[in-house]
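Can you read through this structure? Questions will come right after.
Each chain gets a letter, A, B, C and D, in the order it is written, and its residues are counted from 1.
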Amino acid sequence: MLLNASGCLDALTAPDVARGLDAFVTKTVTPEPRDGNTPVRIAETDVGMLNSIGLANPGIDRFLTRSLPALAKLGVPIWVSVGGFTADEYAEICSRLDDHAEVAAIELNVSCPNVESPTQGAMEIVASARLATRKPLWAKLSAAVPDLTEVARAAHDAGADGLALINTLRGLALDERTLQPALGPAVGGLSGPALKPVALAAVYACHRATDLPIVGMGGVQTGRDVLEFVAAGARHVALGTVLFADPDAPVRVRAELAAELSARGYADVDDAYATAHAHALSTATT
Amino acid sequence: MLLNASGCLDALTAPDVARGLDAFVTKTVTPEPRDGNTPVRIAETDVGMLNSIGLANPGIDRFLTRSLPALAKLGVPIWVSVGGFTADEYAEICSRLDDHAEVAAIELNVSCPNVESPTQGAMEIVASARLATRKPLWAKLSAAVPDLTEVARAAHDAGADGLALINTLRGLALDERTLQPALGPAVGGLSGPALKPVALAAVYACHRATDLPIVGMGGVQTGRDVLEFVAAGARHVALGTVLFADPDAPVRVRAELAAELSARGYADVDDAYATAHAHALSTATT
Amino acid sequence: MRRERRSVVANEKVGPYTLLRVDRGGLEPGIPGQFFMLEAPGRLLPRPMSLCLASAGELAFLIEAIGPGTRAICALEPGDRLAILGPLGNGFRLDVDRPLLVGGGIGVAPFPYLSERLGCPPAVLGFRSDWHAEAAALVPNAEVCVEPRLVTELMAPGQDVLACGPEPMLEAVRRLIPTAQLAWEAPMACGYGACYGCAVEIDGTLKRLCVEGPVLCS
Amino acid sequence: MRRERRSVVANEKVGPYTLLRVDRGGLEPGIPGQFFMLEAPGRLLPRPMSLCLASAGELAFLIEAIGPGTRAICALEPGDRLAILGPLGNGFRLDVDRPLLVGGGIGVAPFPYLSERLGCPPAVLGFRSDWHAEAAALVPNAEVCVEPRLVTELMAPGQDVLACGPEPMLEAVRRLIPTAQLAWEAPMACGYGACYGCAVEIDGTLKRLCVEGPVLCS
């Protein structure tokens, strides 16, 4: 199943792009409206891009009254990405989404920096959300932790139905001429090709650590990349940064994937699922 | 000051390369000899490389009797990188290095995965090492933590004299044809250009969080990259992966740096130190 | 909004700038002031460029090489292919009575097409140097001034100003003519509303310039 | 060990392989079986290649395009430049009485130079197909066999074997002639002992093939 990465597509501005996906994931919605961070908010590096959008979003009230009804008309399942600063905030938004049939699933953006420990944080947020809704809950994790499998298991134990891997990594770029940070808030989130090996490792490790289904993302550019995420253990794959360069990516990537699959004699993408684990050896430290 | 990154140069096999540096950093030495991980141990990705060398090293006994005397003859200050699995192991090696005048400094490879929490781990390791030696202690940190500045402050409070930033990130690559992991142990350490934005962010954040001097590294390829690390707050910069492609990198990078400095009207590299912080705004979340 | 891989027909120097002509294919030229996202070979993200000229079967862009993306685009040679997405955003309103084009530097890029569509109205164009001012040849009916003289010194009141240029110039024009149509810039990752990277303050809140602009008027 | 940026003189096809000839500059050819690290344009790491020929003023490499690095090197054209580091590692011992070269596939790469230095001794070369076997023309005095026949079927006892080829072939040769000199391969990031990536088991422990080899003999 092909999705967009949260924050990388506005289905209301580009409905045709969204209709090329199997589900549309919203930008993270927070309790209050947020304008987002001071510009400059994006910068390109040699191997990816940095953003400091700062979760610009209309807040849950306006999201429910304005965005959701319009999104429901797209004819594509809607996953709502939820953010907050406390477990209670997540739970509150989840309970408000719970009786909207248009919402197919909830993605918990658990990569919020101001929680005690990521394991503790993920556990508490997922557990509170679990009590607040019967919708499928996907925990979106950051790879910037010492042991991601521990966080994944905690999310599982707290009641997550799946994992979304991975969010951006903190990065910095300096302006070529001035040597000042390219982004307004200096440090931002790194996405794009630089992330791919890190994201693949996250998917691979979490597939071994839990039996939760995984949405893999990070630097996907081609059908070949999708195949690699599936082979590493992702049931679904999301397109992020690539959509900025190529709004036709959903169509292109599907065609490339089909070609890759048939070249390898796979009838279906499911045939490739988790195949990278076939000859797995025991893990060693680097 | 230009160094090599630990594990990216063997000064005894390539003494001329080491002599181009201001100090030579050894591969991490552990209490016991280690053969390292099962091959394949290296793989190239589109934006970096993966390694799973597995801390292959002769162990501290043979290091002291064989390697160190030979290294001492190079005429370059020697920094010894120290690894272990418990704080006591680090302390033991440090105390054994303490009365070797040839050792200019000790780098504590605190990026060991099997410690309780990175903050706790760094704190304990640095504190034990501090008791065991009077040598300058550099704590080498991983960026794979939720809040690196917290770890940096803990290292500072525990008695570190400086920070070495950053170690590799966990990554995975699949073989083009077989879709099996390219490395023997599947997941390995990602280094090279993909790391540069992450490393710059780490240096930038730790420069603001502590007043410890920093050795910056991660994806440095050119004199321009060195300048960026210095501007972000690094006093020293280390060359890692670039040495594999270009053993003449120390000479080339120095020449490029000199050209960059004079083009910007800087008399000295110190003029560029921490200049990226000149117009720093308050930080915001992404 | 349509994305096609098109071929470069010509790469011509205009002073320090590059006029890149590509075959039009199925792309619409759109309204003057709208822009296209041009693939920058070897770079991750495309770059926003105003349409400069829409001659038969061609689209042309006037580009200043100021960084890695524009350098890569300006290095394209005839026969090279690049992906182009557009037209995007909101262009100039053309229902004006006494149009005056006011431009600075590479900000003149959208004016050749705009001038054509408005029947060659007068234009005042400011440049850093005589070399840069060579681009004025692309705009009919243009009066040129070179720094330290500023375009605002050439503006007469009572005209419908359509302006494009560096931010300080646009601010100055707005102070003189509050109703001017101004084409703004912001770094853009996508150009079609997907990234929220191009946020600028519009009416007191941060809005996406690629969706609400790039041409704005109060 | 010396690193120079050299120019490609010619890129010739030899069956499925590419013979890349570069001007020698200040690089020494070294001993047959030694190798060079060749820059692979657009890739981070260079690729190890045995020296194939050392004619006057030139070095030549025989290359099979099997992945991104070798594809990039094989796409180089005359006039293109690439950085070359070497010679590296330990080559073949040449003080042998009755030399026999045993090679398989791209493993014949070091043999033209080796053959020249040994005075054109007999060689037995195995290939996957007649097309691949075209590379045998580079080695004087060669007897060729194509799969399913194996080179080991052509080996007579009592000879000083110098072999290079795929691992199963080298293992088979070693079983027949335990004293054979064998040129092994391992993925290499640096080629000069810096990365410990090329570790292979030698005498029961993991050692760096680029330092201890690539030619090993028991």
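Observations on the model:
By definition in this document, a contact is a pair of C-beta atoms (placed from the backbone, for glycine too) under 8 Å apart; a residue touches a chain by one contact, two chains touch by 3 or more.
On a predicted model such as this, the values are computed, not experimentally measured, just so you know.
Path length between subunit C and subunit D in the chain contact graph, taken as the least number of steps between touching chains: 3. Annotation: 31 Å between the Cα-based centres of subunit A and subunit B.
Taking each chain's centre as the mean of its C-alpha atoms, subunit A lies 46 Å from subunit D.
Centre-to-centre separation of subunit A and subunit C, using mean CA positions: 35 Å. Within subunit D, contacts with two or more other chains are made by no residue at all.
Residue positions 47-48, 51, 53, 193 of subunit B each touch two or more of the other chains. With chains as nodes and touching pairs as edges, the resulting graph is an open line.
A complete list of chain pairs in contact reads A-B, A-C, B-D. Residue ranges on subunit B touching subunit A, taken from their complex, read 37-38, 45-48, 50-55, 112-115, 117-118, 142-147, 168-174, 179-181, 184-190, 193-198, 200-202, 204-205, 227-228, 231-232, 272, 275-276, 278-286. Here subunit D touches subunit B in the complex through residues 1, 3, 39, 43-46, 67-69, 83, 85, 186-190, 192-200, 205-206, 211, going by the rule given at the top. Those residues of subunit B that touch subunit D in the shared complex are 7-10, 13-14, 17, 27, 35-36, 39-44, 47-49, 51, 53, 56, 176, 192-193, 241, 243-248.
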